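So that we are looking at the same thing, I have put the structure below in structure tokens.
Labels for the chains are A, B and C, by order of writing; each one numbers its residues from 1.
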């Protein structure tokens, strides 16, 4: 355990400075910019401590995977990052984003979520048309011309690799889409808000293997513009798409490192056990 | 500070909207609660006036057998404010109706959930729903044109009375008890049924020994709900009970209930007079009874949970 | 062997019970309709009632019933909707919520005659509104509120939480998610609930006899100024409804064709109420199809 904390410390030390341009740390001789990080984050459901230790920093324009068994606290951690857990859990500690602790009271949660978007395990399109699903969150907050909206819909659907399949039926109900299509629509909807960070909570667990593969391609494409944090049960997926991987166990981060290191020579035995499948 | 951090620190439109939405919706809720408090407040103040202003003793009111508030009894020198005949009338029709309705309700519910699920859903479900929907005055009309003449021809007399009231109420509360019993039976876990059948129980043994036992708290709740409805029902009962506020001595002679006296009397008395105040005391009893039924339902629910 | 016999007997008895319940309903409906339908005519449905001679109709009562129903729904729906939204979307377990839920439960089990008496005391006597449409509509509102609140709350709770999370994750306020996403999706089931409650309200009489009153003054159907007492729209006129009329003539009616009028009026009442109940589901299903296909 002590070994793990040492591993993590250098990362969090750098983020105590509040100016965005200084969110940078050195690793393997390179400069890395931090998009989001946590400090002393703990999550309680009633008396139950669901997340006790685990402060992570997420690098900009990279994909970070959170892996671990069910109930290991990884989803709890993810959902706390844009405060989706506010209603059900007690979240303490700091979540640093652009020099602000977004876990504090004076943060406008709604506005924050427009910059830190989230996609859930099960696709949740609104009972509206495909077109309206994407434009609705926009038009509720600003004035757009028809041309602007058209363009946003096309760009985001292309980014989410859905455009070719639905371009002729944008007015169809989104509820008629297949699971994989619906999940990509939901991504497009999140992208339309131009978020900084995308939080994905097991986004492809409801998808078939082909949709899932397409979805992974989409994510790799998206990381050019977005910082992505993804919770996944699928170890291969984590290995394929992510730059960093954090392994959660019993509400704690056991190991956090470059994905290739985690999957080739993990430092903690527990991580090794989990990855090689002889867990328990 | 960049644009985004500035925005995040400001109160957004969403937050303002939510404050507004919360305020509007909680006001509606508070309004409803306030209405309930007002109803209790007003009816209780009015109802207690009999005892505070008119100095009638509670026991005279509850246990007196002479109900005739506008006439002063020559013997006692007091107006006839004994509500016992009405209370007994109400209790009699309520309990009798519940006693008759219960086996029918349980039978129908068992039919719908255990014996003939398909037909139950197809035929009996709409039947129950339609029965719930029939307005109480229509029950009254049927009582007056079918039940009362039938009883008259069998037992003689007017046909009006507790028996007629019971029959009308029986049909009225039957769908209430049935549909709630159906819900309870549906809630009994599948494995109860399977394990009972697996050890060789017949279907009836399974129903009687396992399902109905497991569902007892729910069924009791259903019955109390039905009784609450029966106790508070006014017009259908008033139409067939005979409206004679004397101590009931037979099921087929005219009687009265709290609600029937209230329905007939409140318009014919002057606000603030003794005659009026005692009517409010009757309303108060109705209100308190509905509260008691509520509490009983809660107690049953709590007991059921513990098991 | 004994157990099997018992099983057979019990099954037979249960079949008998179910059949008899179905029979009672069919017999009652048949009785009301067979007796009532022959008396129905355009004249009967539109003419004013007569107290002492034969040939009266139920026109004004019918109009009053619908007018009161609409007013009661107009008042109770927004309140019930607001309350249901709070209960389902905002409420966290607290003492306040426990108290309010208990209050709603108690309210729904209030005898309707008590609701009527309360309305009488407050609106008719205290506020000097007299026996009036307005007093009646408020009494019906109190009668309707708890059931409507609960039914809307149930409708809202059937919309999966995923939709609320979607809204929240997009930075939309809970309120606009409810208004623009949750409510539209639950419209079919809300409509079903409202129409079912309308059937109940339409048939209610006990809450009305001392609020809307037991008289139906002649209306001038050419005068639509709500401030004239003779106008059908006037909220300050007494308004006996169809259900109250049926009760009234059966209790103290003296017209010679009393049983015919009673039978006809009962048939009309039950037809309208059944129509409400039948159309409730149909309408809901229709709306649901429209919503999901578009």
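The rule is short, and it goes like this: contacts are C-beta pairs under 8 Å (C-beta built on N, C-alpha and C of every residue); 3 or more make two chains touch, one makes a residue touch a chain.
This structure is a prediction, so every number in the text was calculated from the model and none was measured.
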Problem - Chain pair showing more contacts of the two, A-B and B-C - result: B-C
Completion exercise
Greatest centre-to-centre gap (Cα means) from chain A is with chain B
Practice task
Averaging only over C-alpha atoms, locate the centres of chain A and chain C and give their separation in whole Å.
Solution key: 50
Problem - Mean-CA-position distance for chain B and chain A (Å) - result: 54
Handout entry: chain B-chain C separation of Cα centroids, rounded to whole Å
Key = 18
Practice task
Name the residues of chain C that each touch 2 or more other chains.
Solution key: 171-173, 176
Completion exercise
chain B residues touching 2+ other chains are 12-15, 18
Exercise for the section: Send over the residues of chain A in touch with two or more other chains. Expected result: 110-112, 141
Fill in the blank from the handout: chain A residues touching chain C in their complex are 82, 84, 87, 110-114, 117-120, 122, 124-129, 136-137, 140-141, 173, 175, 186, 189-190, 193
Problem - Residue numbers on chain C that touch chain A, as the complex places them - result: 92, 160, 162-163, 165-173, 176, 180-181, 184-185, 291-294
Problem - In the complex, chain B residues that touch chain C - result: 12-15, 17-18, 20-22, 24-33, 35-39, 42-43, 46, 103-104, 107-108, 110-112, 115-116, 120, 123-124, 127-131, 133-138, 140-142, 144-146, 171, 174, 178, 201-205, 207-208, 225, 228, 231-235, 238-239, 259, 262-263, 266-267, 271, 280, 283, 286-287, 290-291, 293-294
Fill in the blank from the handout: Note: in the complex, chain A contacts chain B through residues 20, 97-100, 102, 106-112, 115, 141, 196
Exercise for the section: Mind listing the chain C positions that touch chain B in their complex? Expected result: 3-4, 6-7, 10-11, 13-15, 17-18, 20-22, 24-25, 28-29, 31-32, 35, 78-83, 85-87, 89-90, 99-100, 103-107, 109-115, 117-118, 120-122, 125, 142, 145-146, 149, 171-176, 178-179, 196, 199-200, 202-206, 209-210, 243-244, 246-247, 250-251, 259, 262-263, 266, 269-270, 273-274, 276-277
